[in-house]
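As written, the chains take the letters A, B and C, and residue 1 is the first residue of each chain.
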C-alpha cells in the first residue's frame, strides 16, 4: 500500500497567535506535519487545542487582526502559502484546497440556489460556459448522492435536510478538483444516523477521487473509519502522531491513552466505566512552562513541569512528545504504578 | 526533529542529555488544583453602568440631559424678564449682554422663553413616556400573563393599531381636542402605548417560561429571589431603553404639532412654537430666533437618542463579558 | 405564498377600514359644525338647513357613516366646505404630482444613500469613517426635518441662488426639500444596514464564501448584501409613513403646491371634508405601500416564497 506518493502539503513549525485586548493567546505553538497525495490525515484533540486554528491557517482564513502567523511555513506543493498575498490566496482557495465546515445549517447562503453556490467556484478563475458549469454541478451532486440533481440545483438550502446540506458543502468544495480537502468537524453537528451516511460518502470519495483529506475532529469513531494517519493535538502542539493502527493499539502519550479510554467501545466490557480526563486545558494566554499536559497527567514528573519534550520516534511513522519515552523515566513509572495500581502503563 | 534555529518563541529546544537525572521523579500530588480561572461575578446593573461609562458618546448624552433639566429648572430665574410679555420697542434685537439669546418680535427675551420652553417640552416628553409605560405595561402585562385566547385577541387588536400611522392619528386627535400641554400628552400617550405593550408582553412571556423552568428545578420554592435578581433586571432592560427612546419622539411630535398650529398655544413658550414663529422671519437676518430653539430641540433629541443607544448596548446580555 | 398574500391583503383592508372609521368619528366628535366657521358672515336659518341637508349633516351619524364609506369607495370626497370654487377631489388631483415627486425622490435618495453609507460603515467597522457615519446618522434622526429645512433655507438658500427655497417647477426646486425630508429615513436606513451587514458578515456562509476564494466585492454584493437588506425592506412601510407626515410641514415651509399644503390649511380652517379626505388618502397610500412591501419581501426571501420543507 505504500507507493511513493508525493508530499502535497508540508507544515513546518507553525505558530499562530491572537492579539487581544487582554494579551496574546498562543493558539498554535509549533506544529509540524506533512500530507501525502491521496492520504487522509486526522487531527484530533479537545476543543481549544488548536486544531481548527491550524486548519484555517492553512487556508489563511484567520482574520488578520487579531490573528497572526508568527512563525513557520505552510508549503503547498513546494510553495510557501504564508508568503502569499491575499490575492494569491484567493486563487488557491477553492481551487487547490477545498474546505468544509462544521454546521451545514448555517454554512450555506439562504438566498442563493445551491446550484449557484456550487458553480460559482468554477467561474472564479477561468472562463467556463454556463452549460459546462451546469454539467459539472450535476456531476458533483450525483457524486455526493443527491437524487434528481437537475431539478434540485435550482432549489434553496432550506429545502434540504442537514445531511443533504453537508453533502452539498462537500460538492461545493470539490467542484474545482482541488488536491486537498480540509474537513473541519464535518459530522459533529449531524445526527448519528446521518453521520454514518457522511462517513460512507467520504469513503466513497476517497476511493473514486483519491483526494488528500485533512480531517479535523474529536470523534475517534470517525477517525477509525476513514483516516490513514492521526495527529493528536493538545494545547497548541502535536503531542503524538502515527498511523491509525499505531495510535489506536499502541498509544504512547498519557493524553492519547486517556482519550481512547474515555470513548465507549463496542467490544469493551459493558461494566467498565468510561474514564474521563480530569481537569481542563491550560489557559493559552500564558502557556505553562514545560509540557502542557503535565498538570493533568497521572504520570507527571518534575522534568515535565520544567521542560517541554521534543518529539521522539517510536517507529517510522509514529512519534510522541513525552518525557516518559526517556529511559530515565522507567523508575518513575514503576513508582507511580505502585502508587495507584488501577491505571496500568503499558510499557513499550 | 528538533527544528528550532530560532529561539524567538517561549521555549528553546533542549538536548535531553543535558537534563539532570533527578528531574525524572514523579511530581508530588497534593491534591490541590494547579490552575484556577475564576472571575468575580458582577451584578447586572453594575456591569451595565461600567459599560455605559466607557461609551463616551452616551456619557455626553447623559450630561446634556442633566444640563437641560437643570437649566429648565433654574434658567428662567437667571434673568429678570418675563416669558410672556415683552417690550415691543425691544423687538428682534440680536443677542447682547442684556439679552443673551436676543429678543423675539414681541420684544420678549429669548433666553427666558427657551428655558420655559424647555420645561414644556421636557414635561411633555417625560409625561408621555411615563403614561405610555403605564398603559403599555398594564395591557401587555395582562395579555402576556393571561395567555391563551385573551392574549390572542388582545394582540390582534394591537397588531391593527400598530399599523396606524402614529402622527396622523395624533394630528386628528389634536384637531378634535383643544390644543394645550395636557391634551398633547394625552394624544401622544393614546397612540404610543402600542409599542410598549408589545414589548412588555414579549418580556412577560419570557419571564413565564423562565420561572417555570427554574421552579421545576428548584422544587420547594426556595429561591424566587434568584428569579427576581436575575430575570427581572434582564426583562426591565429593554423596557427602560424603550422609555428613554420615547422621549425624543414626543419632543419631536410636539414641535411638529406646533408647526401645524396644533401645538402649545401662545403665549406659552415651547421650543416647537418658537421655531414655528421663526419661520416667518427665516429669510431675514434674525438668526437667533431660529437657531436657539432649533439647537435645543436637536441637542435634546440627540442626547436622548445617544444615551438610549448606549443604554441598549450596555444592557444587552449578549455583550456581557 | 398565496396564503401569505391573502393574509397581508386582508390585514391591509382591515387597517384601512379602522383608519377611515376612526377619522370619521373623530371628525364628527369635534365641537360645533363646519358652518360655524363660515367667513361670509351670518347665514339665515333656512340657508343653514339647506346646507346641512345638502351635505347630509341632518341625518343620524351612523347613516352618514355608511354614506361616507360609499363615497370613498367611489372616490367621491365631495366639495370642500370652505373653498367654494373647488371640490376636494380637484384639490387632491392638483396637489398630487408635486407631493408624488417630492415623496418618491426622498424615498429613492434615502434608500440609496442610506444603504451605501451603512455598507461603508460596516466594511470599515471601528475605523474613523464608521464612527463619523454613525454620528451623522444619529444627528439625522435627532434634528427634525422641518428644523433642518429652515436651517437650509436660512444658511444655504439665502446664500446660494442655485437652491430655490420656495415654490416649484424645476428639478432644482426638489433639492433642498427632498434633502431635508430624507435626513431621518436616510439615517435610519444607514444604521439598520450597518448593523445587519455586521451581523451578516459574521455568518458562517460568509466564511464558506471566503473559503471558496471569492473576491471581497463579490462576497459583499452577492452574498452579504441581499441578506443584510431583507430587514430594510420591512421598514419601508414605516419610512413611507414618516416621509408622508413629514411632507406636510416641508411643503408648507417651502411653499410647495402639494397635497400636504392643502392638508395643513384644512387643519387651520377646520375644513372637515378636506381633512377626512386627505387623511383617508394618505392612509390608503400608506397601507397599500405596506402591502406592497410585504409582497416584495415575500418574493425576495426564498424561505417565504417556497415554503416546502421536504427534500
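Note that in this section a residue touches a chain if its C-beta (ideal position, glycine included) is under 8 Å from a C-beta of that chain, and two chains touch if they have at least 3 such contacts.
Because the structure is predicted, anything quoted here is derived from the model rather than measured.
A.B. asks: Using C-alpha centroids, which chain lies at the maximum separation from chain A?
C.D. replies: Most distant chain from chain A: C.
A.B. asks: Kindly work out which chain lies most centrally, taking the average of its C-alpha atoms as its position.
C.D. replies: Chain nearest the overall C-alpha centroid, as shown: B.
A.B. asks: If you average the CA atoms of chain B and of chain C, how far apart do the two points sit, in angstrom?
C.D. replies: Centre-to-centre distance between chain B and chain C: 26 Å.
A.B. asks: For chain A and chain C, what's the span in angstrom between their mean Cα positions?
C.D. replies: 55
A.B. asks: Using mean C-alpha positions as chain centres, tell me how far chain A is from chain B in Å, no decimals.
C.D. replies: Whole-Å distance between the two chain centres: 48.
A.B. asks: If we count contacts the way the header does, which residues on chain A are in touch with chain B in the complex?
C.D. replies: The touching residues are 12-13, 15, 26, 29-30, 32, 70-71, 279-280, 282-283, 287, 289, 294-295, 299-311, 319, 323, 326, 328-329, 331-332, 335-336, 339.
A.B. asks: Mind listing the chain A positions that touch chain C in their complex?
C.D. replies: The touching residues are 59, 61, 89-95, 98-99, 101, 103, 106-112, 120-121, 124, 155-156, 158-161, 164, 169, 172-173.
A.B. asks: Taking the touch rule as given, give the residues of chain C at its contact with chain A in the complex, in rising order.
C.D. replies: Spelled out, the residues of chain C in touch with chain A are 203-205, 207-215, 222-223, 226-227, 230, 300-303, 306, 308-311.
A.B. asks: Please name which positions on chain B make contact with chain A in the complex.
C.D. replies: 1-4, 6, 8-11, 13-14, 16, 19, 21-27, 33-35, 37
A.B. asks: Touching chain C in the complex: which residues of chain B?
C.D. replies: 57, 159-161, 163-169, 171-173, 175-176, 248, 252, 255-256, 259-262, 275, 278-279, 282-283, 287, 290, 294, 297-298, 301-302, 305-306, 309
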